[in-house]
Every structure is written in structure tokens, then in C-alpha cells.
Amino acid sequence: MRGLFLASACVCIFAVGVICYFLFANGLPFFAKYSAWDFITGTEWAPLRGIYGILPMIVGSFLVTFGALLLGAPIGVLTAILMARFASSRVVRVMKPAVALLAGIPSVVYGFFGLKLLVPFTRNMLGGNGLSMFVASILLAIMILPTIIQTSEAAINAVPNSYYEGSLAMGATHESSVFRAIVPAAKSGIVSGIVLGIGRAIGETTAILMVAGNQARMPTGILAGVRTLTVNVLLEMGYAADVHRESLIATGVVLFIIVMAINFIFSFINRRRVVQ
Amino acid sequence: MSETGATTPAVDITVPTRPSMHLGSRFLKALCWAAGFVTIGVLLLIIAYILVNGLPEFFSRDEQGTLHFKASLFALKYNSRNLSMLPAILNTLTMTALSLLISVPLGVGGGIYLAEYAKPGSKLVKIIRVTAETLAGIPSIIYALFGMLVFVVTLQMGISMLSGALTLGTMTLPLILRQTEESLLSVPMSYREGSYGLGAGKLRTTVRIVLPVAMPGILAAVLLSIGRISGETAALIFTSGTGTGIAGINDSGRTLAVHLFKLQEEGRAVGASFAVAVVLLIIVVLMNALSSYIAKRLTKKG
Amino acid sequence: MTNFAQNSRAVHTPGQDDAGTCFNIQDVNLYYGSFHALKDIHMDIPARQVTALIGPSGCGKSTLLKSLNRMNDLIPGCRITGKVELFGEDIYAPQTEVNLLRKRVGMVFQKPNPFPMSIYDNIAYGPRTHGVRSKVKLDAIVEHSLRKAALWDEVKDNLKKSAMAISGGQQQRLCIARCFAVQPDVILMDEPTSALDPISTSKIEDLVLEMKNEYTIVIVTHNMQQAARISDLTSFFLLGEMIEMGNTDSLFSNPTDKRTENYITGRFG
């Protein structure tokens, strides 16, 4: 039995190995035919003419994520502070499941909601056709809220009470003790929650595809459409063949490397926190 | 103290005794409440919007104006007129069952190994943890590529429920593995000692004593996985595909989430889409509620 | 030193004389839920002296200490009756601003609890809380407080270093310096040396003896030699009651109550 248990545990290692192998084995041959430099820095994506530049998508992914952070990080962290230190236990009993529910809503439902409500709303209020980086960022901000809230709340709750007492004993109010002693002490945990949120945002596909317009060109404004790396794969994989198909897998490789780098930063921050 | 000697400082160092207004932190506290309201408000908005627009789609009015349940939404066969979601619901059930069949035994077995058998801190355990964390962090579009390249193409399973389930099984594995490990670790040592004291072996102790105590935690993870499986789209489109019929293991079949995505992509049937969104939402709310109910009972007992 | 004393007295409550009463505690009863933790406590704590509270674990001495700056407000289910006056003001009166009370009555905890920030920011925390913004003034307060805590020479080149990186004894002196920075009248010390080695302990004890020139010190200690070494007055607690209070020398040499004698001769506790 022990062997069987061990084998199941090792499936994780095996799966990561297989994912890496197949991704790279199918993606890297593309670079034999197309210069990696042109692929990553090219600003034009025209598979029919054999031009594969994914810079617009790289920029698109980062811009959409940045927009999501701009909105989602403050709301998420402040909500976490509220739940950890200001709200009564009755309020927290309502908020916790609500945040878990927010995490559970499928991205296709988020996308649908964005498409039906946020896109027309943006079109009417701000102009453009509504399918835009703006809406994609708002939607992503909502989607990363639970990640940021849950991680930050745990970090704030883990701050030793002695810091709080020490601050009160010097005559600080509850509020200023929270913001000036407790939250700074939970800083690295909060940052790691935000990094985790970045990972989620960069990897999100379906919801963005439904609201972002998906034009494969350099983004021109927040009300204009944008295409992310993830969307590029999902949108064209269905009909792509040969080099085009390989270029999409290569897009996946680039995305994979970016996400791995973010996860590495996350675990690095986390490990440093544990050492502290 | 005396050797350093505190000299008189050149500047005035008195700290005011007047109460500071603490305006900054009061303002931040108000912002916290505002943020909390936004978070809850957004959730309520999404749910309300989908329910308000979706629920009426389950009913139709005849000439007399009486409401009828629109049974055609649940016809056995899908066609472009009735837009039935029944096949998709059944496919979602199949997909969930198949995926769990893969991830639960592996995840629970692996969790048992990590919690009960492995030497804590050993190199292997570290590698397993890191890879589980990696798996949990991989975006679903990468799983889509993985499933397509490995199961559909290389293993020649084609676009089928099986390919999709293997992909989602891998995707939900880390969730179940980690939750199992944590639940097992939180079982008090005394239970194990009690069992060993009666002469029971390791396996018997684990399966008969420790595992049942940890069961609610594992169950909560399974329920969350069900939520994720039924909500997944990106990873399924190129693995289990978009077939509209009730799919067998080797057929292509769309789950509810994929159904919603395709209806939307095809740009028709807004009403039916809302109805599908309602069903999806209900599944997720149900799974979440069950999961947190179980988790609550768990903490109450502990 | 004396200059600072005048300087600090300028912001103290008027009418405070060297020999006055700092805390006047009358008929105090304190309950944790249904547990009666302090029973009919009456005592006067004189200003600018060191008063030690001793007694076995659970006798209520820490509870009494915490009720002097209302840190017991934090404990759910805690209820207090009676009167605690600080220089004649009832600190439990409804109009009392708890934050200003705690500014006047500082506290040093059993385990050093510096904030996880730089040494400088730890000291500047209090003044900033009370509205000091000027960099020049903060610099002066930091230096002055660290000098008074005999820590300046050890850390002056590393003010930006994390307070978590210095030794436990230095951390505790940092916490004392942190108290100085808000210029309190009273400093409460809750077994401040119980987590420290003998050398660090003796440094803190030296510091306490210096501090009483300017501050009223109330110290809870488990260590009877410590009480004997540094306090002017000692008060013995048992099971929530104050058994005896008096001049430290006479209490230790000639206790009036049998239970006090048993305790200080080590027969229980």
C-alpha cells in the first residue's frame, strides 16, 4: 500500500514533467523556423502571411493585469483589513462565504456578466464599442478579489497580538494601530497575495475573451480592444494548422514561463516570510 | 546609562498631549468599509443580474397569459430551436464523475503518503509539494494545450469526454492532495497512538481511524473541485470539445460551461444563455454552501 | 538629565509633586466573566518611586497592572468596579480618552515586542501617532530616547536596521525607549526581565533605578530579589487580594502577614 500511496503522490511530479515536456517539445520547434526575437518583439500578428509577432499580446496581458491590480488590489486589501480587524464577527460570518462564492463563480459566467452588463454600460457611458481593455480589467479585478482578500486576511490575522498591544500601550487608537502596526507587519503576506492575484489574472482566458474585443494589434487606449496571450491560444487553436499551430503552442510556452516566474516570486516571498 | 548620559537636545522634543484627530486612519477605516461594500455589492450584483434575467427564461406565456415551464429547455435532444441544456447537464455530470474518479484516488492516496508515511522534510516530499504548488498555479489554457497534446493527439483518445476528464483530473489533483494532507495532519496524534496501542498496523490505523476523522476536510475539497470542473471552459474546448449530444466516454460533449460559452460565441439565444448561467450559478452556490457547511461542522467538532 | 526632567514636567499634569500620589486605587473589584480576579483592592501608588507587585502566578498582580492603563479593556468579558485615579482623575470615567491615558501611562511587556520595522521607526512610532511630523524633531526624540535607555551607543550606526535583528535584551531596552519617546508620567512593567539573560536583566534593573527620577514605575515581578533590589515599595498579592503593602525593606525583613512571610521565604509559589 505504501508504494501505491507513494506512486499517487508522485503523479504530481510526473504531471508537471509531462506538461513541461509536451509544451516545450511542441512549442520549441517553432523557433527553428521563426526567430524567437521576432516572435517576442514583433508587433504584427498575421498568421495568414506568416508573420507571428506576439508583443501586442504580451503587452495586452500585462496591461489588462495592471488595470485589474489598480482596481482589485486596493479593494481586496482594504476588504481583508475590514474582515480581519474592523468588522464584527457577525459581519465576517456573512463576508467569508461571500468571498468564497466570488472565488467559485466560473469564469464563463463572469465573462457572460461582463458581456451583457459591463460592455453595453461602457459603450453607452464612455463610448467605443464597449469590448475593451477597460471592461476586461474591471472583470479581472473582480475575479482576483477573492485571492487577494483570502491571502491578505490570513496574513493580517497571523500578526502576533503583541504588536497590537504594544501600539495601544503607547496611546495609539485602534484604527491607527491597525494601519500603522498590524498592516505593515503583514506586508509580505499581503504582497504575496497580490502576486498570486497577478498569476491568476495573467492566466485568465475565457472571461477576457468574451469582453476584450481581442484585436491582435498593439493596444491603442483603454476603451479600445486588446488581446492577451491566453486569448490568442484559445481563439485560434481551433482552426490553426502547421506553423500557425506551433506558434500558438509557443505562445503557450511564453505564457507558461511568465506564470512560472510569478509563482516563483510568490513562493520566494512566502519562504522569506516563514524565515522571518 | 550614566556613561552615555542623556544630554539636553537642541530642539524641542515635547510630544503634544492634545488628542490627535487621527484623521488619516479614520479615513482609511472608512475606505475599508467602502471596499467591503464594493466586494459584497459586486457579488450581489452578479447574482441578482443573472437571476433576474435568467429565471424568466425558464417560463413562457401562452395566449391566455398563463405561465408555463419551458420544458423544451430540458429536451433530451439538443437542436438549434429548443436549445436544450439537458445534454450539457448530463455531460457535466459525466465529466465531474470521470474527473473525480481520477483526481480523488490519486489526491487522497498522495495526501496519505505525505501526511502518514513520508519523512517530513525529506527531499522527495519537498519536490512533491513544489510540483503540487506548480500544478495549482498553471492557468487553464495551459491545461488545454497539455490535454490536447497528450491525451487527444499523442495517446489518440481524440476529442472525448475521457481526454477532458483526464485534463481536469490533473487540474483538480493538487487541490485534493493538499486538502487531504492538511486534514490528515490536523487529526490528533492520540488517535493514532490509541489505535497502535491496540496492536493495529499503520495501514489499518490510517484507513480505519485517521481517514474517517479527516473525511469532512477531504469532502470539502471534493465539493470545491466539483465547482471547478463544472465551471471550466478553456481546458475543455480542445479536449472534450463542443459536441451537442449526450456524450459517452469516447464522444465529444459540451459541459454546461462550454455550452454557455458556445451559445455566446455563436451570438444567438441570449435568453437560453441566461438560463444556462442560472443553472451554473446554482451549482456553484450549492457546492460552496455544502463545502462551507461541512467545514463548519468540522470546526465545531474539533 | 535634570534639564529633561524639567522639560518633560512642562507637559505633565499640573500639580504633580515629587512626593504626591500617582495612582489612588479604591475598592477595585475586577471580574473575567464570572471569575473574581481582583477583590476589594485599596492602594496608593506614590509618584516617582518604584512600586513592585509580587505574588504567585494567577494572584491578580498582572491584572491590576493592566487595569492601570486600561489594557484590560481588550479582554472580552472583563468588568471592573471601584475607582482608579491617576493624579486625581478617574481613569474609568466615561469622558476619559483611553488613548491619552495610555500615552501618560506607558507599558513594557513581558516579552519584548518591538514592531517589525527599523529601530528608528520603532521609537518614532509613538510620537508620530501623537502627531509629530517634523523630521528634525523626530530625530531628536529618537536619539534622546535611545540615550536614556542606554541603547544609543549600541545602535546609533544601525538605526535603519530591523528591530527584530537585535538581541532580546536590546529589544527590551528598545521597548523602554519607545515608552520614553511618548513622554509618559508612569511606566508599567509586566515582568520585563522574565525572558532575558542575567546580564540583560541587570542592565534593565539599572535603567529602572535611573528612571524613577522622572517616572512613576509600577513593576510586576516573579523574582523576589529583583523586587528587593529595585523597588521602594512592595505589595504582595494572593488569590486576587492584596495581602500587604509596605516599604520594600521592611516588608522583606519583617512582614506582618504570615502568608507574606511564607511567600518571600519561598514556602510556596
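Structural remarks
Read from first to last, the chains carry the letters A, B and C; within each, the first residue is number 1.
Note that a contact is a pair of C-beta atoms (placed from the backbone, for glycine too) under 8 Å apart; a residue touches a chain by one contact, two chains touch by 3 or more.
Treat the numbers as computed from the prediction; the structure is a model and nothing was measured.
Path length between subunit B and subunit C in the chain contact graph, taken as the least number of steps between touching chains: 1. Compared with subunit A, the chain whose C-alpha mean position is the greatest distance off is C. Work out the mean CA point of subunit B and of subunit C, and you get 51 Å between them. Mean C-alpha position of subunit A lies 16 Å from that of subunit B. In terms of their C-alpha centroids, the spacing between subunit A and subunit C amounts to 49 Å. Counting partner chains per residue, subunit A shows two or more touched chains at residues 173, 176, 180. With touch defined as above, residues shared between interfaces to two or more other chains in subunit C number as follows: 99-100, 103-104, 126, 129-130, 182.
Annotation for subunit B: no residues touch 2 or more other chains. On subunit B, the positions that touch subunit A within their shared complex are 22, 24-26, 28-29, 31-36, 38-40, 42-43, 46, 49-50, 53, 105-114, 116-118, 127-128, 130-135, 137-142, 144-146, 148-150, 154, 170, 173-174, 177, 203, 224, 227, 230-234, 237-238, 257-258, 260-261, 264, 270, 273-274, 277, 280-281, 284-285, 287-289, 291-292. Remark: subunit B residues 1-2, 4-20 touch subunit C in the complex.
Touching subunit A in their complex are the following residues of subunit C: 69, 71, 74, 99-104, 106-107, 109, 111, 113-117, 125-126, 128-130, 164, 175, 178-179, 182. Within the complex, the subunit C residues that touch subunit B are 1, 3-4, 7-8, 10-11, 97, 99-100, 103-104, 126-127, 129-132, 136-137, 140-141, 143-144, 147-150, 152-153, 181-183, 206-207, 210. By the touch criterion stated above, subunit A contacts subunit C in their complex at residues 160, 162-163, 165-173, 176, 180-181, 184-185, 276.
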